[in-house]
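Scrolling down, you'll hit the structures one after another.
Paired with chain B in one complex and with chain C in the other, chain A is shared by the two complexes that follow.
Now for the complex of A and B:
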């Protein structure tokens, strides 16, 4: 990443959860898309204030669980019917009862792996650094700060405009990081 | 049905109790008729109904002790439902009396002449004999009586004042209670249901019966809460968050039931030893084959697909239908365990089955409703009640 398109982030601090929530609603209504809210504890209703949709992770996990299930059945069928048809304790080659433990396990394995890696991909992780980490103000997010960040790769981003807008929403402190 | 918004007690309990009592009496009259028409069938139908309602109460007892042990907050607002449900358990001792009289019809090990010609039953005779059977049944009911009594009384005492110690006390009762619960339920399932086919045994059988009971208890909670809200009771206190939590637990324990059921089947299928496989063979002959398939698909596959999504668990109409369906499946499961011992090929529902379910169930629900409506319908003295109302489930 070169110096010209290095990302900038405007960080604004608000007084309370209620103000943060109101600010999030206004920012969403103003048309910003690359913004985020940070608080020391989860705030109920923030998802809808920010206009966040429910994560699609469940569908990814479901898809991979089903893939694991199918793969396990095909694998076992191929091994015990096609490749190595052996009679074991007088049971049919395709003994689906015996396949179920492996099928269950493989479905769970695929689902768990999909949950972890899907979560990383949806969160755009791993990434090595983010401009907010150079900010002193941002450290308050884990202590007593109710913060909004707007990133420079937002199509509507204009540093002075953003600052003015955040002040008009009642931000008591503003910092630019990056 | 009307509730006083300040004290949370029902000022008008509605007609539910009366209807249940009337249906119960009609059902019991039907039972009496059934006894004279076909005593063999009657005792098997009666045992099915008895097991269904007892396991429902036991499921509620387990849920309540789990709630106390984990210090769960979300379930406080619905706590009076399992409390009232399990406080009916001691009355089931009265319903057990006909089973003692029907021992000769139900349990072939109770015939001395059969035991005399059966080497295996002779070996089991020190455990499976009429006297010890009755002593054990008394022991189970004594344990359940004291557990349900202590848990209910302390919870009601909490209503008069916010005494934090009672929350602690209830937890301390629940810990040993859980151990007693595990033993009594396991041996009750062995005695009353498994010993009908005394040659056969399965060590996981008690867990299997427990799992079914818990699923039906959770389904019953959902139905009760939805019905209360339909009658404009607890409309603001219980939210879709609570429904979602109940739905998740129902779903989870439905899978647990299937897991245990499959484990039981799987080991027997793998080992393929005739004295073990015969039990499943009996349940795969004639009409019972369709009952077996209906249980596999109706108790696991279909509810699994329907209830897996978040939206489904928050859809009250769907949850209600599924809860009734799971209750029916639990009944069918018990029917499938008990009835093939009497009818080997024909899997047909008889009017005696319905009369027994109505008879025991009507009285059970009447007693449940009497308990439920006689005290505040939420534990008003619990300090965490407010948090429970504002639960958020994801």
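Now for the complex of A and C:
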């Protein structure tokens, strides 16, 4: 369909979460970088097996929570002190105690949006097309399959080598997509 | 660090019937992929008609004005506000289950969190309708937003009614995002199972290209954890803010500091009752007894027992404070509540909310599905009456006897309450038919074979650690 998209992906299926994890450790030690382990649910301990760093999403969310908090205070101050001062029971225009609920809500709102959209950005989603989607085997990734994918833009990639290596790790089935 | 390392060998399995991963996918997906049950058509034709009546009544209300309700002075807040608080309260269970129980590592939540969250969203939609139509001129509803306008008018940020708007708006948005985040892996499952092109395109777009790689799960899991973390104070704050609509006023019966925790406990109580009502029907109709087991229901009954006791405590504490304050208006408000013209409503409330949940002290009753089903219906009714008692009795008899009054609903009040149930059930039925009602990826994650150390040698180590 797409002539420019020449990326190939080798997909290998493993039997269980334990085997997938073992394979991940071996593949990392072998020096591959563009590989991933697919499973229908997150597997605990997989991050360290694959040698992944902790997600940086927390900093994004923290930044936006703080932005929401600041924006809420500025908004309420500006609306109640500058733009439309209302005298209510002789209370000060800047009644910061009363601003707490809205400030909290907006901080949460910004943080929640940042969590979702930050996750999408970090995961490079939405991405509706990907070479692996042409594979039948890959459909198991969202059902009951534990799959390893190694992409052709990995500097160590050599199709036959990769296949042989994955089989030596105990892969049950291998497919090449792309 | 790893919560899955705690041995649960002594407990009964969370999911019954020795499920394989594929069996989980199959059981849940087939509900959506299979033929629509006849019962579903029957149910949605009833609830859809009621929902249409709801919209019709709203149309009439816009045309005619809120004079069609039983509102008058002194009871200027009637069923619309009662219904609003009732529905927002119900909307608390979903986020409680998905956020607080997640942080508390209650893994049994995975079977019920999806449809509890869906229920939350639909309940908040129903809730949001009522204040929106209560403002009368709903075509200028956007004035509550702090938006620049030709009148240079800005909202009053010191008003609890505005706080409410922000709190409920944020709550709806966060609950929706949380729900959608949880749905993404399951939508990807449906995409990969899709047999025709239309389904493939729709689920393909909705699942945003999810591939289930660990490089994606890493960010996904942290996003889920962070959302749970920020939703936890949020879910506690929403009904607290709703309670300030009342407690910030100086009206006897409303002006009490116990309101925020009291409202939150009541919200969790009523929300769980509604989740239970729906869960019991759904698991029976769709044969999901292995996924939503009696153990799940029992755990929820325990939460209802606790929150029911908290609500009961709040009822008695209010009386104590009224007496202890020495304020005659406050004292009168409470004596009038229990023994005045609305005594019938008060005692319905106490019976349903305080007496009924006491049956859950007994294990046999706690594990009996018919018993708990009837109990949850009573609690749903009781919690509606709680809000009725709070809103109407306090307003109907305040300081001056000359301005007292008695509120009676009109047929439009009743129609809108019933209509909101129609909308709620219609949305819920659509959800059951078109989206996976149980979080497949999360249920798979709590199966014993999901643990990479399941068959390994270190089970003994785990026992020792825990």
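The rule we apply is simple: the second predicted complex is superposed on the first by the 167 of 178 C-alpha atoms of A that agree within 3 Å, B and C clash if a C-alpha of one lies under 4 Å from a C-alpha of the other, contacts with A are read in each partner's own complex, and residues count from 1 in each chain.
Rule of thumb we're sticking to: contacts are C-beta pairs under 8 Å (C-beta built on N, C-alpha and C of every residue); 3 or more make two chains touch, one makes a residue touch a chain.
The structure presented is a predicted model; accordingly, all values stated were derived computationally and were not measured.
**Q** What's your read, chain B or chain C touching more residues of chain A?
**A** Per-residue touch count on chain A favours C.
**Q** Applying the document's definition of touch, where does A:66 land relative to chain B and chain C: first, second, both, or neither?
**A** A:66 contacts neither chain B nor chain C.
**Q** Answer with first, second, both or neither: which of chain B and chain C does A:36 touch in the superposed model?
**A** Once the two structures are laid over each other on A, A:36 reaches chain C alone.
**Q** If we overlay the two complexes on their shared chain A, which of chain B and chain C does A:44 touch? Say first, second, both or neither.
**A** Both chain B and chain C are touched by A:44.
**Q** So in the superposed three-chain picture, is A:99 touching just chain B, just chain C, both, or none of them (first/second/both/neither)?
**A** second
**Q** Once the shared chain is lined up, is A:90 touching chain B (first), chain C (second), both, or neither of them?
**A** After superposing on A, A:90 lies in contact with chain B but is clear of chain C.
**Q** On chain A, what residues does chain B touch that chain C touches as well?
**A** On chain A, the overlap between the chain B and chain C contacts is residues 44, 58, 91, 98, 101.
**Q** Any idea which chain C residues touch chain A in the complex?
**A** Touching chain A from chain C are residues 2, 4, 20-22, 25, 146, 152-158, 160, 162-163, 166-167, 169-170, 173-174, 177-178, 180-181, 185, 188-189, 191-193, 204-205, 208-223, 226-227, 230-231, 233-234, 237, 241, 244, 440-442, 444-445, 449-456.
**Q** Which residues of chain B touch chain A in their complex?
**A** 262, 265-266, 269-270, 272, 308, 310, 392
**Q** In their complex, what parts of chain A are in touch with chain B?
**A** Contact set of chain A toward chain B: 44, 58, 62, 89-91, 97-98, 100-101.
**Q** Would you pull the chain A residues touching chain C in the complex into a rising list?
**A** For this pair, the touching residues of chain A are 16-18, 20-21, 24, 36-47, 50, 52, 54-55, 57-58, 61, 65, 75-76, 79-80, 83-84, 86, 88, 91, 95, 98-99, 101-102, 104-106, 108-109, 111-113, 115-116, 118-120, 122-123, 125-130, 132, 138-139, 141-144, 149.
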